[in-house]
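Reading through the structure tokens given below for one structure.
Chain IDs A, B and C follow the sequence of writing; residue 1 opens each chain.
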Amino acid sequence: MKKSLEKLLNKPLPVDPFMPQRAVITDIEELAPDHKKFSFAFCDESVNDSWNHIPGQFVMLTVPGAGEIPISICSSPTRKGTVELTVRKVGRKTEVLHRLKPGDYVAIRGPYGNGFPVGIMEGHNVLIIAGGLGIAPLRSLIWYILDRRHRFKEVYILYGTRSYEYVLYKEELKRLRERNDLKCLYTLDKFETEEDRRWADRKGLLTELIPMVELEPSETFVAVCGPPVAYRFIGKELLKHGYPESQIFVSLERKMECGIGKCGHCQIGYKFACIDGPVFPLWDTKNLPEMI
Amino acid sequence: MDFHIERAKVLPKSNLAKFLEGLKNLSTLIAPVKKGDKFIFSEIEKVSDVAVNYTRTILPPKKFLVPYRRERFSYSTDTLQFNKEFKVRDQIIFGVHSCDLHGISILDSVYLKENPDPRYLEIRKRTVLIGISCMPDEFCFCLSTGTAFPDGANWDLFLTDIGADYFVTIGSPKGDEIVLKLRKLFKDIEKKDLYLYKESTSKKKKAFKLEKLPDLERISQLIELEYDSEVWKEGSERCLGCGTCTNVCPTCFCYTSVDVPTLDGKKVKRIEFTTSCQYPYYSLVAGGHYFKPDRASRFKHRYYHKFVGYPYQIEKLGCVGCGRCSAECPAGISIVETINRLRGIDEKELREATEQASSR
Amino acid sequence: MVRIGIMGLTGCSGCQCEILNCQEALLKMLKRVSINFFPLAQDDNSLEDLDILFVEGSVTTEEDERKVKKGREVSSLLVAIGSCACYGGVQSQRNDEVSLTEMVKAVYGEKGVPVKVSKPRAVSEVVEVDYELPGCPLDKKQFVYTVASLLSGVKPFFPKIPVCHECKLSENECLILKGIPCQGPVTFSGCGAPCTSAGVGCQGCRGNCDFPNFEEMVSLLTQRGLSVEDAVKFLKVFRGYTAKEIKVRGVVDEKGA
């Protein structure tokens, strides 16, 4: 028997990575039509205390009766005590989740995935680009950076949505705009109401905000999350302005059943979105076909 | 490593039935049996059912390590208490060919290297693998994948046909124990046995039609470079998307899990079932977006994963050359032919080579 | 109690019988549901205020149409069960070939039928259908799973994968390779492949799987002795209104190599 195999087979039985931790819904906030933010606390106090994650990581959430879904964590690891997930009502499982109320039980396992390379980002400018629900994993990054503001240089947040109605974390983002240690640029696809006009800095696509960013591209790390169609255009625009491919990070969405590289559904080329991602440098798009 | 001469033994073929009977008394015995014109691995009631001279079974022995439909656990809906009702039994899988043993070592890497799955490990720990030598047919290409011989794989005993006897190599303490328990059936190895054993290697090698074997050198690069090849489109026109190729593959591991509530609504079972990358829903995310929208992308994905994905993830090719996918494909799509066409071997040339080989 | 109804339109009532055959599951079910409407099995029926209505059979007569429309109005969920309700059933296989008058004449002669009829239609062509459980008859396990899911407030999950999946995992010899006409590769699974396990080719009673490759299917059938017309006829038997998806490749016999 080969050494490597002998080692694998002689290991004692590990803790079951498929076994989730019971958690209770502590709060539900309706952010936009069909978008809700859920706050959870684990029933086991020790899990609450030891919980730690990297912005950009996700959890597998068991919706009782419906099944497991991968959801990005939208709370920052710097704010302990609760795990927050923002979920759009879009399929058979999220539909059931949206019917739950505070006090209901769910089960969570994780965190999984690689997350944004926050360690490497330190000491640099950070440009955060979010489209629609893509703000959720980036909210985690935003608060992580703001809670350690001195470790980062200039910070920009670009955020685009359909209309003001669909802007998530409205109050938070309004307050961010008032801060002077970061710059926020918000755009909407179209202006229809007075609120739309009041909210946005600009009408149009997210890509149109990129030229307005006054940062030295080589000194900047970019974090992007948005709908699948947006990546190609945002990537192109960023490259045009000289941001290095190895410093642009995109967070991708795939179908997942396990979160730990066993079910195969999330394969992107030769990588697994769950264990090798979900955050990939844009450079990977060159050798990972069908990534974006 | 596996071939300490003093530990090797010889099992006379006349003792095989007694050997199988002995194994059956030790624990559940699983071995190939005939089903119609084909063979399948099945639990053995009568040792006379065991088919030793088979070429390939419809499904690989994988089904006894990773059942095709399995319950991960169940939970109560009111308190959400999870509980496992998973029971493992001791089992001996007899008559596994070299390619399938290599297939199992690939599964070992998948399930045990990163985020080890305790359920798989437990089954694996309680499984004894007894391999047996084989001769290739027209679908086998294990010589190309380097899996024609069992060296260094993860088996407990391996029986090599050397004419009147089986040359038995012992691969693990578990295998040694079995030989010790049934020692009356074994003979000590003699000089001529060793000679015959060495000869069996070249005998198997010679049985391959070399011109029909695919060239797998730098196959990962080939697949990446030919990513936009017409070969994928042409292949996918014939592909039915039925998933047979992945279901019969000894190394495929993808599954989908579904939560199934009971009728009283008090309990929910989490069921995992084997799935295939050839099914459209495989890449479908909520909201209706298919990440692999057309048949060509799904067809290509299987090759891409076998020859680019596995080398990246577990540092081995994902194909063991068992030929099941080619033999079982209802549309007759051959993995070897696809690779040869990607290599740019002219189809006419290929046909001539095949005709020559078959007329020889 | 969840109120359910089971309604039969034009069909053989086989699916309704199959529901009655879910003996143990039925008893468990009755602890949580009340069957308010099931004319085939009980005397007192009321087609009012239902939570789930199962509809079997195709919409063929005026009476069918009236019944199913009423059913839709009074029920919050409507589930079509069986191939007739889902696709129009065997009775709709020639819908695209002949006119209604010709059909009636061929079956009933010059006198015609005493009731007003139309071409057999799937339930979804008349009213909105929430879920479809195809099969001839429907699969008992799927029925129980659907009821269990709906009672728990979850939509049932049926990936539209081909019958080959279940057939191969039952370790059957491939019938197509043996030369027996089989529709497994283009048919929606969920039945557990009982026909192919018994050596009978799949007849396609459960309708299309996702993105079926009919070109190749027809080509495979013709390579093994059927004419293109027969192959298409064979595929059309259970496909009803989805039969228009059947495509035939321009040239069919260039594949020998």
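Note that contacts are C-beta pairs under 8 Å (C-beta built on N, C-alpha and C of every residue); 3 or more make two chains touch, one makes a residue touch a chain.
Worth saying up front: this structure is predicted, and the values here are computed from it rather than measured.
Enquirer: Return the chain label for which the distance between chain Cα mean and whole-protein Cα mean is smallest.
Expert: Taking the mean of all protein C-alpha atoms as reference, the closest chain is B.
Enquirer: By the contact definition above, name the pair with the higher C-beta contact count: A-B or A-C.
Expert: If we tally the contacting C-beta pairs, A-B comes out ahead.
Enquirer: Using only Cα atoms to place each chain's centre, name the chain farthest from subunit A.
Expert: Looking at centroid distances, C is the chain farthest away.
Enquirer: If you average the CA atoms of subunit B and of subunit C, how far apart do the two points sit, in angstrom?
Expert: Centres of subunit B and subunit C (C-alpha means) sit 37 Å apart.
Enquirer: Between subunit A and subunit B, what's the gap in Å when you average each chain's C-alpha atoms?
Expert: Distance between chain centres: 38 Å.
Enquirer: Please work out the Cα centroid separation of subunit A and subunit C, and write it as a whole number of Å.
Expert: Chain centres of subunit A and subunit C, defined by C-alpha means, are spaced 43 Å apart.
Enquirer: At which residue positions does subunit A touch at least two other chains?
Expert: Those would be 65-67, 92.
Enquirer: Would you give the residues of subunit B that are in contact with at least 2 other chains, written as numbers and ranges?
Expert: 77, 256, 258-259, 261, 268
Enquirer: Touching at least two other chains at once: which residues of subunit C meet that condition?
Expert: Touching at least two other chains: 149, 152, 154, 157.
Enquirer: Flag every residue of subunit A that touches subunit C in the complex, lowest number first.
Expert: Against subunit C, the touching part of subunit A is residues 65-67, 92, 95-96, 99.
Enquirer: Could you pull out which subunit C residues touch subunit B in their complex?
Expert: 25, 28-29, 31-32, 144-145, 147-149, 151-152, 154, 157, 159-162, 164-165, 168-169, 171-174, 176-177, 184-186, 209-213, 215-217, 220, 255, 257
Enquirer: What residues of subunit C sit close enough to touch subunit A in their complex?
Expert: Contact set of subunit C toward subunit A: 149, 152-155, 157.
Enquirer: Mind pulling up the subunit B residues that touch subunit C in the complex?
Expert: 35-38, 40, 58-59, 68, 77, 237-244, 247-248, 256, 258-265, 268, 274-276, 279-281, 295, 328, 330-332, 347, 351
Enquirer: Spell out the residues on subunit B that touch subunit A in their complex, using ranges where they run on.
Expert: Subunit B reaches subunit A through residues 1-2, 72-73, 75, 77, 79-82, 84, 105, 108-119, 121-122, 124-125, 152-154, 171-172, 224, 227, 253-259, 261, 268, 270, 272, 277, 282-287, 289, 291-292, 297, 301, 304-305, 308-309, 311-313.
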